[in-house]
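Each of the next two complexes has chain A plus one other chain: chain B in the first, chain C in the second.
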Partner chain A sequence: MATHGKKQDNRSPADWWLFVLGFVLFAAVGFWATPAILYAEKPQPFQFSHKLHMEQVGEGCQSCHAFREDGSYTGIPSLEKCKECHGEEPMGETPEEKVFSKDYVAKNKPIPWQVYSKQPPCVFFSHAAHVANAGLECASCHGDHGDTEKLRTYEYNRLTGYSRDIWGWSLIPLDGPPKRMKMDDCAKCHRDNGVRDACFVCHK
Partner chain B sequence: MNWDRRAFVKFAVGAVVGLNASPLVPKLMDDVAIWTQNWSWVPDPETGAVAFAKSINPATQTGVKARLVKARLSGQRVIRVEGDPEHPLSQGGVLAADAAAPQQSYYQAMRVDAPMVRKEGVRGRVAAEEAVQKVAAKLKALAQAGKASQVAIIADDPFSVTGEMLMRLAAAYGTPNLVFMPSAKQTLALAGGLMFGQGDIGFDLANATYTVSFGTPLLEGFGAPVAVRKAFAAWRKDPMHRATLVQVEPRSSVTASQADLWLACKPGTEGVLAYAMANLMIQAGKVDSAAANAAGFEQFKALLAGEYSLEKASQASGVPADKIKAVAEGFMKAPKAVAVCGPGNSGDPGRLFDFMAVLALNAVKGNLGKPGGLVLRQGVAWKALGGPLDLPGAPRLDGGGKRIMGSYSAYDLAAAALKGQPYPLEALIVVGCNPAFAGPQAKVMRQLIDNTPFVACVSEFMDETAELADVVLPKASFLECWGDCATPYGAAQSFYGVHQPLVSALPQTKSAGDWLLAVAKLLGGKAAEALPFAEAKEALAARAEGLGGLEDLAAKGYWMQEKPAYGFSFKTPSGRLELAPSALGKPAAPAAGVAPSKERPLLMAGIPSLRTGAGGAPMSPYQVKILDEITLAHKDQLVVEINPQTAHAMHLGEGDMVEIASAAGKINARLHLYHGAAPGMVFVPVGLGHTAFGMYLKNKGANFFEAVEVAADPGSGLPQWALTPVSIAKAGGVSHV
Partner chain C sequence: MSSSASEMRFGMVIDVDKCTGCGACSVACMSENNVGVLPDETDKIRSITWLRVYQIDNGQPYPNTQIAFFPRPCQHCAGSQGHHTPCVSVCPATATDRDPKTGIVSQIPTRCIGCRYCVAACPYHARYFNWYDVPWPEGMDKPLSPFVAPRMRGVVEKCTFCFHRYQRAQNKAFTSGEAMGEMDYQTACTEACPSGAITFGDLNNPEHKVHELKKSPYAFRLLERLHTDTAVYYVSAREWVRRQADNYLSGEKLAKVQAGGGH
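This part shows the complex of A and B:
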């Protein structure tokens, strides 16, 4: 028994701090590495001020992001919509507008915007049902996008190709809209408001 | 601190736990799952404004609109097919066979997606040129050998542009043997022709307030089924002005169950009841002047008074006299009453006597050319594809010329060709129909295909006929190609519908018309001259010239006579209504029909259903799923209906597996005892029991047409299979799996 007791005494102390070190270090690597590995940036074609435009138009978001006659939603406005106000000559002084006039309006080329809120094609989403029928504000899902002076950096998921806004900018999925636009958020809102949340409501 | 093994393990475990506590793993797992959505072969719908294009399903004549992405009208996937609310016939309604089914059928594994040729007994895919060349070479060789008349063509619809192209091709090539699948349109045209001198007639159901349907499945596949159901829905809409529907037939069918009154008559006595009602009206002095002045009215009156008195009719039909009287009075008093005849429940063209009795009842009522009555149609003013062609001199195999109005009959053609009288067939071409399944006497048609040295077919699916053919040419579906269809059976207004390509056709499929043009081109000579079109669309455009042009027609989807034409005229030899038609010399009377015998004591009739077969089109896989246990038990057993009394007398019970045998063939089925079935009869669902079409349709029940025995209608000479004498015996086996 004495021998056994001696052996125990000689063993190294319970270095639990090494466990903690490993945990903290690699959890940090996980938190740091995940977005670094997974997300890449894509530039927008040119800068755009929603704030400036909101001051110029009369009907808020709907002035440019409108419903078609059949109730479907135009989403990002087409170049034709921009051309209702903008000509080949810039209206203001900003370098961004010069790029817009020269490279797009003059060449009649559609603007390849990166769309932050673009959902996967397997999702059917009706803006009419949510905005016109349920009376949701645009900001409920899209946040304060309409008040921003600059377009923030667009990041996309290298693996899935979808905008980072869908999963949300926080890696821990605790947020809801407008910080995140995942299926769970749609389902939760449907449940909370007593709306059917079966698969086929959105996945046709 | 010593960096020993234990220290490393602690650190490593901490690292693993730490890494797992970070979002790396769950995030990557989720993203991998989402990544699968973006594989290149996963369909990705186009975005854009929604647009609609009009079309029509020629099998059911339901007007549909396809929802698609704007500016991509062809060469793409349709988002979905839905009812067209602006369509005057179907008014936004669809059948199971119209909307989801064509889309499902489009991708069905049993579609023929490439031309096929049988070489040394084995069928294999070949290039389109080779398949067409094979057909053309065979036809050419036969023509050169003076055997052109020994080529027969069986097709689905004589009124479509494909039908007209076939008529031209057959005449130019030199065969008189072009026949179409039997239809009640033939019988109605015959009856109308005999009595009114006009065969283009319809029933103004939408405006009728009292309708008596004589043995025709008004709600289960009559004319354009959706249009008839819309008319029925309108009858029931306003409870204060509810229209009355009386159904006369031996089985409590869907129509009978929806009717206000069901006259459960003995099989084959529908016409007798129509005559009895006309007799009651004559006796009551309620005869319209046109009928009173009709040629042969006195003869007609005497016949009815003698043979179709209330008592005699009640005895013959088994319907209580008071019920016959009540319906006759209701019919007489109703301001807008119409009596309707049509295809039988077995899908046969109907008995000429029944049709003539029903037309006579309408004439006595005086509803000819009146709202809610029997109306003349304006006709469809399409332009002929070319000048008239000389018809070949050889006698027709189906003996068409021997019948009153020279009607075609695929069954008679087959029977004559099999006997070799007056000559056998050397080649058979089947276009857009499936006679090896739908017969009408399936076995005879299969024998014809087996005995004919060369068989080619143009088919959308690898169906029973295609499986037996030497050459199979893949036919495009109505969503993939240009085509048309004309006035549905019984419609009050003339109608013409056009369909156009809305989805990319499978690469090697073509419309039936395009395949015909390819063959005609290789045949050269008169055949090529008769069809001087580069593509079938040109032929359709030529036809549509008389109706305002193809472009406008395609945009609207149809042409339709503005409103029913009220007013009536007779084009008979006497210039009057002929109740004793000149061609017959006497009023129509029933000849001895099919009767049960000691060996075959029961009469078999079909149960029509829009679920099991609308317009002859095969069910789509999902339609099989919606069949209930009293149609298809345990997914594969056909269920037939029999009256409990009849069953008990034969020592049969619910769920017994039986063999139903006629002189023509037999089928196995499971018995369902049903009080709504007339005693002495067995009722069999029509449209099940395919032996082709792969796992979803193959061997699901048994085929009604295997047991059908065709007889010639004594009046019209047309094939008749409303009733078949059969025997029933226990087949053993269990009724469940």
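This part shows the complex of A and C:
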């Protein structure tokens, strides 16, 4: 025991620097490697420009994302909606539209979009409560997605299969866009707004 | 006074004299709530039926034998006179709680650690443990309901009074601006019952049918002496049926227990 104490007394500043250097080095590697190991990319079927389409439609976001009569939300519109304007021949020149016309419209195949905000199966989310009742802006949860020209990369957690947006893109919560939407994030806004609190509000 | 009063109190009144024991409620419940079929469904200790139909008889020899059936969903106990919801109070993981707005006892399988305290605590055997992953046959996972999360091996599940139907009814109320009506939120078993034995609604709401039905002199609840204050009432005009709802001494009168919850 006594020798141990003695050794500690003998630590030189160089020892400490080595420790700090090692710590910083490994932390840096960890920060870089962890997301790379944990998350994998999945491509979107093709590019989609919200900006371009907002200039084409008459009723803004509601033209494509609306409530059904029973209060459920249509979410991403079905191919039927696209077919109101798009035929089997592309209107423009872009390769994106060719893929869309050839592989989906012509074959009448639903588009397998990757949904950035998709929550785990046990979560119940209601656009009716937030948009129709509380009058929240889309942007307060989805950021600027409605103004974008290009789809960003979709990544999912290799272990759970959930979208990376749920737990956020930044390990330290600097929380630039895209916004994360963990249980705590839902709950924080609910607390601030006095929404009732029980497991059977957001779960099913 | 109820120890955990809730704003609304969803519950059932089940007319035992109308129940024919056909099991349509059980089947409707299983398909509504993504309850799977296990390879060996004859193993009743391990199979899962959120709404099980029990059969009782009056113990008389033929030709005086009479039979009655008890459909048994989760009783959504509130707990009265200082008692509490048995399962909620023992859960070490907060995987189950009682919603103070609807009076519904939740179950969050993803949170469950599988200790099964709640299974042991429940006096009604309403909770079930998943001993196996459900082997959905090829293609049979396609008709699963997206409104109810499927469960995995190692967690407990139970009847939720089709809470997802409440969520959907609420969505409709939010968008239409009209208050949720009695018929907007009905459980799958209620709808499936061919003889109309099950009535579902808010026990606290005088406009709902259950509010009146539960006041019948023939209404009773299971094991009332435990003070679980359940949300499921049964009705039977037959005294021998009512007698089997609790543990009575041979000479004991029924009325005493039901009127005052006496000890």
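Structural remarks
Note that the second predicted complex is superposed on the first by the 184 of 204 C-alpha atoms of A that agree within 3 Å, B and C clash if a C-alpha of one lies under 4 Å from a C-alpha of the other, contacts with A are read in each partner's own complex, and residues count from 1 in each chain.
Quick note on the criterion: a contact is a pair of C-beta atoms (placed from the backbone, for glycine too) under 8 Å apart; a residue touches a chain by one contact, two chains touch by 3 or more.
Please read these numbers as outputs of a predicted model, since none were measured by experiment.
In the superposition on chain A, contact of A:H203 is made with chain C only, not with chain B. When chain B and chain C are set side by side, the one touching more residues of chain A is B.
When the shared chain is aligned, chain B comes close enough to touch A:L18, but chain C does not. When the shared chain is aligned, chain B comes close enough to touch A:L38, but chain C does not.
Contact with both chain B and chain C is seen for A:S72 once the two complexes are overlaid on the shared chain.
Touch criterion met: A:P121 reaches chain B and chain C at once.
Legend: residue contacts after superposition of the two complexes on their common chain; A:A132 is shown touching chain C, with no touch to chain B.
For the contact definition in use here, the residues of chain A common to its chain B contact set and its chain C contact set are 70, 72, 120-122. Taken together, the chain B residues at the contact with chain A in this complex read 1-2, 4, 6-7, 10-25, 27-28, 30-32, 34-35, 37-38, 44-45, 47, 49-50.
Interface residues of chain C facing chain A in the complex, by the touch rule stated above, are 94, 96-102, 104, 106, 108-111, 146-150, 160, 163-164, 167-168, 170-176.
Of all the residues in chain A, the ones that touch chain B in their complex are 12-13, 15-16, 18-31, 33-34, 38, 68, 70, 72, 75, 120-122, 157, 159-162, 167, 171-173. Only residues 67, 70-72, 120-122, 124, 126, 128-129, 132-133, 196, 198-201, 203-204 of chain A touch chain C when the two sit together in their complex.
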